[in-house]
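Data block below; observations after.
Lettered A, B, C and D in written order, each chain numbered from 1.
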Amino acid sequence: MRCAEYCEVVANRQVATSQFEIQLHSPVVARHAQPGQFVQMRVQSGYEPLFGRPFSVFRTFPERGDFSVIYLVRGTLTQLLAQKRRGDTVFVVGPLGNRFLVRQPAGEVLHVLVAGGVGAPPLYLLAEELVQKGVPRQQVVVVNGARRHDLLVCQEHFAELGVHLWAVTEDGSLGEKGKVTDILKGLSQRGELPSGRCQVYACGPSAMLEAVAKFAQKHDLPCQVSMETMMPCGLGVCLGCAVKVRTSNGIDYKRACVDGPVFDAAEVVWA
Amino acid sequence: MRCAEYCEVVANRQVATSQFEIQLHSPVVARHAQPGQFVQMRVQSGYEPLFGRPFSVFRTFPERGDFSVIYLVRGTLTQLLAQKRRGDTVFVVGPLGNRFLVRQPAGEVLHVLVAGGVGAPPLYLLAEELVQKGVPRQQVVVVNGARRHDLLVCQEHFAELGVHLWAVTEDGSLGEKGKVTDILKGLSQRGELPSGRCQVYACGPSAMLEAVAKFAQKHDLPCQVSMETMMPCGLGVCLGCAVKVRTSNGIDYKRACVDGPVFDAAEVVWA
Amino acid sequence: MSKVKMEVQLGPLRLQNPVLVASGTFGYGSEYADLVDLNRLGGIMVKGTTLHPRAGNPMPRMVETAAGCLNSIGLQNVGVEAFIHEKLPFLRQYRCAVIVNIAGDSYEEFEQLAERLDGVDGVHALELNISCPNQEKGGIHFGVDPEATRKVVSRVRRRTRLPLIVKLSPNVTDITVNARAAVDGGADILSLVNTFVGTAIDAKTRRFKLANITGGLSGPAIKPLALYMVWQVAQAVKVPLIGMGGIMNATDAVEFLLAGASAVAVGTANYLNPRVSIEVLEGIEQYLREQGEKDVKDIVGTVKRCKPESEF
Amino acid sequence: MSKVKMEVQLGPLRLQNPVLVASGTFGYGSEYADLVDLNRLGGIMVKGTTLHPRAGNPMPRMVETAAGCLNSIGLQNVGVEAFIHEKLPFLRQYRCAVIVNIAGDSYEEFEQLAERLDGVDGVHALELNISCPNQEKGGIHFGVDPEATRKVVSRVRRRTRLPLIVKLSPNVTDITVNARAAVDGGADILSLVNTFVGTAIDAKTRRFKLANITGGLSGPAIKPLALYMVWQVAQAVKVPLIGMGGIMNATDAVEFLLAGASAVAVGTANYLNPRVSIEVLEGIEQYLREQGEKDVKDIVGTVKRCKPESEF
């Protein structure tokens, strides 16, 4: 079940430097969005930007019919989005794309969620689901990284869930100093990432995804990555969101918007 | 002296149905604008609308460095303009164009100002100037017309000047019922428009201008009209604002933005 | 609310209404089926189909420009066999016409595609994409050379009884020459326009924005150019036209009808608003009622010169 | 703040910097003189000038479209004599190059214009407007027919020692063919592009919006198409190019330089922001400093393919 409609803005508040959480009223998205799925949001002035942009669903409030996303102000659309006030509307299509797949039986798996910057929101939704489904909290490991402390999002939300939480910043201004892969290496060296009982989920900048994927491959850990590409349509028809993958027949393109955004890291051909 | 710069909005308030007065800070316009001159205002979202739009200067506040225009919300630009708040900015080029010419000696002439709808503002500036220059108030006759009472603007401002003021609406909801030319006919029939001692100035919709021009011609009254055309540049270079005129060499085009907007009604070739 | 007649007859092709969705902008219909009632569309022009599946061009493939977008997808598609077996059965459930946009690298490929699709249940017409600017070989060449256009159309004509639509490239000096060539070759209907070749450069990185360097421009930016070409071609040939290029709403669509198109196709707009085709359909109906018209075909090609010296 | 070298040499024409203003968008300079320091411009391409004064087309002559505008001014101008006597004296006061855009209805008219302007003090170059799409006769024909292009250029070439710029029409199948024809004819420099032919219709009144039916499209909408043509022509000929079409800011201008233009002209943007040419100039300088470049000519034509499979 998907919607394509103008949704009312319920709230739009700053959560970090240049980052905002916008809450929108859409019973369809609120009820149906799964961890890893996204919505295509469109805000135009004139015809600019022409297309909508994809944003991962961060939180859902099914009883109120609301959902929220966290967005980083980067270009035209996010600038316009930041100007929206309660009562304004945003065009929303979604929920779209596939979701993070949870290895079963979930309770016996160590779930390692690796977030980079504004990649954290969909992993929060996943962590919440895992906890709600009864996965023991210590079996949900979250490695939440950013360049600086003021760019780290969702930290307090993860903390509230009571999961095993690592914060890591490149400048050491919050949590550990370094990159998310440094934490993974540490965990691995301490034998805390048993290859047979682990599942890695990653969302963040491409360079981070690639690093995490390589780490997982080296340590023989199954890994899912949520890929970022431009998405003109979000519906699988424009083919503007191609991701290069290895298939049994060689190299092919898959569509990030319907075949993804979550891909098995092993099939992705990195640039 | 002209400016081309972003000007701060000092105030933007509704003055009639779909009509607003916007006050902008621009010492150059405030000091130099003459009755009949206009400013080119640009407010874009994306590239729409691409060009600015011309608006007649209504009031000037030289000591504060402000001026104001009254605008009717018609299309994209005026819709965007209506959203501007104090502190926002609008791109302004001006003052532009020629001005209403006052026949001399002004004190001995009957000045008949004929306004249609949102054509009133520049005539207010003219009336104000005439009064300030010492023309007896009863020698300034203002015929202020609109379709309905709620579309009539500047009425209280004219009233404050103490000029000889007529209000006329097509539906009779305020003042006389009829058109501005009905008032002119009445004045003429009562011998109150002596051809040798009169000057008509008109600003309003094209159809009204044409009617006033024909009236003036018939009664042998000198008449100036402020023409409305689109004005992509306002500076005399695009030639998109051509007005067909009669010259000694036959038919020619003049530019409303620099040769006008005020034309001698006798030279205009009506559509 | 008075009913207006929306059915249109384009030569041999009958459409329940004149609103189509353009090739490459609506996939195979199934992608939109939960958001759009496909039964209400006049027709679906499916993604450009080739003899064999194609992987398409490297990324980046699309870039936004002022009021438009450039694409260089490179005809990524499942190939004609997979289309027939995997995509068509779904489309057969619906009332709307299914128009298969075919693209070949050679005369033979076009012929084989036409032959393969001839008589296939659920296919209502073929649209020859001889104007796709993204292929390295072939594509551009058929569409810009009138003689090649005539030849490919007449060769395809002999292999199929399906209504034949030829899609014209706008990247030519005089589109009426190419239009006449297509009609001479046996086209029943012309569709126009395909995208305009353009490029985009990233000043910061000093690189082209598209992996393929060039792409095809679509969207509102091209509407004035497309509208002119439709009007020109409507004067030049007698076959019905399907107009497209930057249609974002019903008013845009009406402009194409007035210019001489008997039907319209909504393209890029589908990406930003999946329901736009239905909004266009309803908007045209409302326009006709407002104008006191009873039949959409009565407004086709009725645009007049503007009143001399009228105010804007 | 390190100084960057902005002087450019376009064949025989030396400009103090590569920022020009396009013909028809800056009048005769005097209109902007109180708002823009004309001494800072690379050059002014004056309004299209004909042998005799022209009144131009009926109104409406211009209409806005998505991120663009259509114009059909019809070459309204004061004629070459009035230009020389009434407009040129003012321009002579300034340092910037004065380039006279000339348009004729026949080979003879072009020759007469060139002859008349040859040796006139204050005229630095001629720009042949063989691409103006607004004239009923002549105009469109010279620009789209390579043989006519070659011929008109070579005939003008023989009548003047002034640097000769030929302005190319974009309304052609392959602009490199016309570019080569102009160079064969003796062009020192090519400028491109002129406007694209288009139209606009008012759905409500069911009339064309322009009295002349068609007009030339300019503005941001055409930038991707113009940029592609500049890049194509830069590969095809050796003479320097002046790039234009939708330049609204310094970044746009840099894109044209990277694509292969040695100088740029700002057109429609002058209407909405009279000072834009100076902003473009300053923005290019800043860009060069940021990029660690010392001379604007070092970036001309240096655009590279994008990194394969890079993220957007």
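One rule holds for everything that comes next: contacts are C-beta pairs under 8 Å (C-beta built on N, C-alpha and C of every residue); 3 or more make two chains touch, one makes a residue touch a chain.
Since this is a predicted model, take the numbers as computed values, not measurements.
Student: Using mean Cα positions as chain centres, tell me which chain lies farthest from subunit B.
Tutor: Chain A.
Student: Roughly how many whole angstrom separate the Cα centroids of subunit B and subunit D?
Tutor: Chain centroid spacing, subunit B to subunit D, equals 36 Å.
Student: Measure off the straight-line distance from the CA centroid of subunit A to the CA centroid of subunit D, and report it in whole Å.
Tutor: 48
Student: Give, as an integer number of Å, the spacing between the C-alpha centres of subunit D and subunit C.
Tutor: 33
Student: Residues of subunit C that touch two or more other chains: which are they?
Tutor: 58-60, 66-68, 219-220, 307-312
Student: At least two other chains touched by the same residue of subunit A: list those residues.
Tutor: 44, 46-48, 229-230, 244
Student: Considering only which chains touch which, how would you classify the arrangement: line, ring, star, complete or other?
Tutor: Shape of the chain contacts: complete, all pairs touching.
Student: Quick check: in the complex, which residue numbers of subunit B touch subunit A?
Tutor: Touching subunit A: residues 44-48 of subunit B.
Student: For the complex, which residues does subunit A have touching subunit C?
Tutor: These residues of subunit A touch subunit C: 1-2, 4, 42, 44, 46-52, 91, 93, 229-230, 232-233, 235-240, 242-244, 251-253, 258.
Student: Touching residues of subunit D toward subunit C in the complex: what are they?
Tutor: Residue list for subunit D touching subunit C: 58-60, 63, 65-68, 70, 144, 171-174, 196-203, 205-211, 213-214, 217, 219-225, 227-228, 231, 246, 251, 254-255, 258-259, 287, 291, 299, 302-312.
Student: Using the touch rule from the top, collect the residues of subunit C that touch subunit B in their complex.
Tutor: Contact set of subunit C toward subunit B: 66-67, 307-312.
Student: Can you name the residues of subunit C that touch subunit A in the complex?
Tutor: Contact set of subunit C toward subunit A: 24-27, 31-32, 34-35, 47, 55-56, 58-62, 64, 66-69, 71, 73, 76, 219-220, 248, 268, 270-275.
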